[in-house]
Amino acid sequence: MTTYVARRLALAVVVVAGVVLLTFVIAHAVPGNPAASWAGPHASPAQVAAASKYLGLDRPLPVQITRYFAGIFTGNWGVSIHTHQSVLSNIATAAPASLELVIAALIIALAVGVPAGLASARRPGRPADQAIRAGSILGVSMPIFWMALILQLVFAQRLHVLPVAGEYSPNLLFTNPLTKVTGFPVLDALFTGNWPMLGSTLTHLILPAVVVAAYPAGLISRMVRAQILDTVGETHVQMARALGLPERDVFGRYLMKLAWSPVSAAIALVFGYSLVNTFLVESIFDWPGLGSYAVASIGTLDTPAILGVTLFVAIAYVIANLIVDIVQAVIDPRIRLR
Amino acid sequence: MKRHRALPVAAGSALALILAACGGSYHATTQSQPKSAQTFTYDTYTPVMIDGWDPATEYSNGIIAMSLMYQTLTHYNSATHQIQPELATSWSSSDNGLTWTFQLRHGVHFHTGRLMTAQAAQAAIQRTIKENGGAAYIWGAVKTIDAPSEYTLIFHLKYASPLDLEASADYSAYIYDTQAAGSGGNLTKWLNTPHDAGTGPYTLQTWNSGQEFEVILKSYSGYWGGWSGAHYKRVVFRVVPQDTTAVQLLKSGQVSFIEQMSPTLWSSLKGTSGLKLVSAPSWQNLLGQLNTRALSQPVRQAISYGIDYKGMIAALSGAAIASSGIVPAGLLGHFTDLPNYSYDPAKAKTLLNAAGYGPGKKAMNLSLTYTQGDTNESIVATLMKSDLAKLNINLSVQSLSWPTQWAKGKSSTASQHQDIFMEYWWPDYADPYSWFINLLETEKTPYFNLSYYSDPTLDGMINKVEPLVATDRTAAEQLYKEMQVRILDTAPILFLYNSNYQYAMQNNFTGLQVNPAYPNVVFVYDLKPTGS
Amino acid sequence: MIEVPEAPAPAPSPAPVAAQRTRGWLRSNPLLAVGGAMSALIVIVAVLAPLIAPDPGDAGSATHPFDVLKPPSAQHWFGTDQVGRDILSRVIYGARISPLVALFVLLIACAIGIPLGIAAGYFGGWLDDVIMRLTDIVLAFPALLLALALAALLPPSMTSLTIAISATWWPWYVRLIRGQAASVAGRPYIESCRALGISRRRIIFRHILPNAITPLIVQVSLDVGGVILTASALSFLGLGAQDPTPDWGLMVSEGQTYFTTDWWVVTFPGLAILITAFAFNLLGDGLRDLLDPRRVILR
């Protein structure tokens, strides 16, 4: 087991190193003058030169690469040109909001997708199956930004049943201020017993999470269905049936377990995908996460920030994959032998 | 830097606000916000104090807050076209306009507690001139400043200039306590802590940089105007990038006033109970500066004839009104009988053909830049592209963030320069001089003259006109007319339209006066709350 | 009276049998049928755009400033946008853009993926390791993110968009082809071929490639929907098509400001994206059901 973990870990490190290198290459292949952007439009040539020195742009390329690598591991991810603050601190402030959204979306996606996939696989080919399959495909075909706008218009602006935007109602900051414990508003409200704030954070979370959940729900539903249908024909299942075991048991005990394998693999996949999908909806819902930060960085051509966000998401994705791989190895011993 | 003031952004477009720029807590302030009728909440779409807290160098959106904390010697009343007393109670100039004497108000205290004397005012203005940021050029005529007695301030000028008007400017004319940081202290640093050193009715309570409730001001008990009668005691500046969200907040009573929103959204609020809509002309116009080095005069004139101005105004649903010349209505120098361009594609075609371009001849490729995030500018750019396409001109349009757009226009590499630079302009004080001195005077290295226009005759007229305003107003008006006739002929700039303020607010206060001399500033002290 | 026996019932003519067979096929492949029909319709609309669209000029640089933001009506079925352009015409012309981008992206992805995949799968060894690590690294970035980063750093245009998305899409094809190549290369008859002195090139072209085609087709058809969504997302963020290109993602982005008062500017282009992605996803799913022999599909 340990060799397996060690191997996966080593592989992950190599991949992350490659990711860092790739982001650096992208950054420096692009024309532009970050020193000038940093120094601002008033700057004199002397000030631009000073900015260049401050940003380390005057060093030769190999030195820049080594400094970049060293910086990544020591926590110096550069300075954001448009906030003039450390990129890492910007990301650290913005990341919890995005993570909260993705996790909420994944919970919804599992709650919807797994039962749907199971129901669909129970009677394949029947109308219920066709309908659910169509629904799943609809889920993965949905343009997220459009769905966000439509839902926001219908539920928030017209029907007024859900809030329009934001993580929580800003008025509550004065009457029920939120103390930071974990950085995730929902959890913080829960842990500090701040019930008005908890209600507010949850209602604000609904629309964005539902929007982001569409794709994963569709995907999970299809994967569950496919996995079950694949295994249903296998011998041990036929054996169980031949022995006269009730369908419920066949389904419940044997197939469910097998369904989890691709689902857990899917979770890692959709985690990365959803994290990036949140970028599209964050500005629509005024959600102060990585997406809003990334969009602001794109608008101001803030290369260090764009790269920082890219790096962060890639690393999160690699870690998610690593965790899933290890969990799967724990559940399914055959994997360890590969 | 003249901050470009863009109109509300579409979500997803790039002027999104970082609402979590500060590491640390959620910035729940320890003060509770009284949900009383005594708080005025001003809803803006872009961060307020982005230029810092120094009243000498502020040149951006910050005046909406600063003009409540700081005051100027005189105040321009755009309704009556009068210059009114503020920190100065009376003033006079010598016949030749070279000496101006101001009598200052007694008993005015800075928020630091110090008394405002002529010496304090002198120190403030001298520092503003020395810092040379923002609109410091308004003091350009000043040679020396004397404070012979406690409340007398005398300016000796190098050349005649309407100093009473210049002292009422919305930028770089504030009077502040230069001793606020103590002797030997760094005033700029002290101001940027932040602190405020003004004389105005409100003073800084909290600054939550990067947060939604960005600036909170509280009433200054020692204000010289007193607090008798109904006044708002607290002012909150709330930053909401999405105009639809802002409207929700207005409807639910959580904000008092919205600075800007899309014209269609504004129109849709008509008739909503509890709300009041105000539409008023501003002194802001949208200009397209034509690259005079790349485009010859006939071509520039052709382009001027080739734009459907009326269509543009129709498409903007009330956010724009037709312009006449470069000076907006309400200012000295505005004339309706100027030889303005109108949409005349036939004439445009003739001019282009003579130069070898136009339909049927060689195609022309032009580049236009405008400021990212401004939906009105993007509509205008699209309309221009379509209008010019009919003249066989391919207009490539680029939306850039303001710093990028400006840097590109100022670039020392001429090949980098755009053919049309679209931006808004508005004056620094109630005078048309700002347009000419900034946009049209010859510049060795480009700064704001992004038509790269060099016209010695016009330069001569520019030099003559300001002193004339102080000594012979009628002659000054005539000269402004001649200058506009000239630039209409040489066509370095496209005059697209004048902006209309479209404000939406609660119906629970009176006393709002829209004053284009102080763009988007609501003088909250003058408002009377009437109900809940 | 002698009863004349009735003539025996005529044998059923061939046509009904074919019809029955088609109906049977359709019923057992509903996804493919519906998806195929919808996709074909979209392609037809794209090809016939100049004939179908009521105001073809509006898909280009034409504007009508006096008709801005008109709600759907008899003259403008989908209403007009913020510069007065007919949205129906723009949506129709938009059908030319998204599928074309998907085509280019997938062509490029195949062009890169096939050679690299074959190299990795057939030759194996260190070449395989290097190529696979490379794909791992690129795959570590979720597609949209890498495309976002690239598109943000390149000047916005459809070309940049295509390049950015292609750059993130090719690794899947390397993996796919590699898998196929490796499995075929390991088979005994390939060794016999080699023993017989048949050139490597012949082996690749005559044995490996044909086996890889089917999964490739399936993957491509499944990916079309994904590329369309990615492309529209990037255009929505302003990183792809620029005005006046009638790209659906761009149209949704431009219409946002007006959405609460003029819902049609956003709704119809977005619906077009949904329907197109849906159609191609259905098609892809149907093809996979049909062509992938490993799937056990119970009907």
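We just call them A, B and C in the order they show up, numbering each chain from 1.
Going forward, contacts are C-beta pairs under 8 Å (C-beta built on N, C-alpha and C of every residue); 3 or more make two chains touch, one makes a residue touch a chain.
Model, not experiment: these values are computed from the prediction.
**Student:** Once you count every C-beta pair in contact for both, which comes out on top, A-B or B-C?
**Tutor:** Most C-beta pairs in contact, of the two: A-B.
**Student:** Pick the chain whose C-alpha centre of mass, unweighted, sits closest to the average of all protein C-alpha coordinates shown.
**Tutor:** A
**Student:** Can you work out the whole-Å distance between the CA centroids of chain A and chain C?
**Tutor:** Spacing between the chain centres: roughly 25 Å.
**Student:** Please compute the C-alpha centroid of chain A, do the same for chain B, then give the distance between them in whole Å.
**Tutor:** 42
**Student:** Please work out the Cα centroid separation of chain B and chain C, and write it as a whole number of Å.
**Tutor:** About 50 Å, centre to centre.
**Student:** Listing for chain A: what residues touch at least two other chains?
**Tutor:** Where chain A meets two or more other chains at a single residue, that happens at 145, 157, 280, 284, 295, 298, 301.
**Student:** Can you list the chain B residues in contact with two or more other chains?
**Tutor:** 11-14, 244
**Student:** If a residue has to touch 2 or more other chains to count, which residues of chain C qualify?
**Tutor:** If we look for residues of chain C contacting two or more partner chains, we find 236-238, 253, 256, 259-260.
**Student:** Would you pull the chain A residues touching chain C in the complex into a rising list?
**Tutor:** Its residues touching chain C are 11, 14-16, 18-19, 22-23, 26-27, 29-30, 32, 124-125, 130, 133, 137-138, 140-147, 149-150, 153, 157, 226, 229-230, 232-233, 272-273, 275-277, 279-280, 284, 294-295, 297-298, 301, 303, 306-307, 310, 313-314, 317-318.
**Student:** Mind pulling up the chain B residues that touch chain A in the complex?
**Tutor:** By the definition above, chain B touches chain A via 1, 11-33, 210, 212-213, 238, 240-242, 244-245, 248, 254, 372-373, 401, 403-404, 406-407, 410.
**Student:** Tell me, which parts of chain A touch chain B in their complex?
**Tutor:** 36-37, 40-42, 83, 85, 89-90, 92-94, 97, 145, 157, 164-166, 170-171, 173-175, 177-180, 185, 280, 283-284, 286, 288, 292-293, 295-296, 298-301
**Student:** Please output the residues of chain B touching chain C within their complex, sorted ascending.
**Tutor:** Contacts found on chain B: 8-14, 243-244, 247, 262, 264-265, 267-268, 308, 311-312, 314-315, 317, 375, 378-379, 381-383, 385-387, 389, 397, 399.
**Student:** Looking at the complex, which residues from chain C come into contact with chain A?
**Tutor:** 30-31, 133-134, 136-138, 140-146, 148-150, 152-154, 225, 229, 232-233, 236-239, 249, 252-253, 256, 259-260, 263, 266-267, 270-271, 273-274, 277-278, 281-282, 285, 295-299
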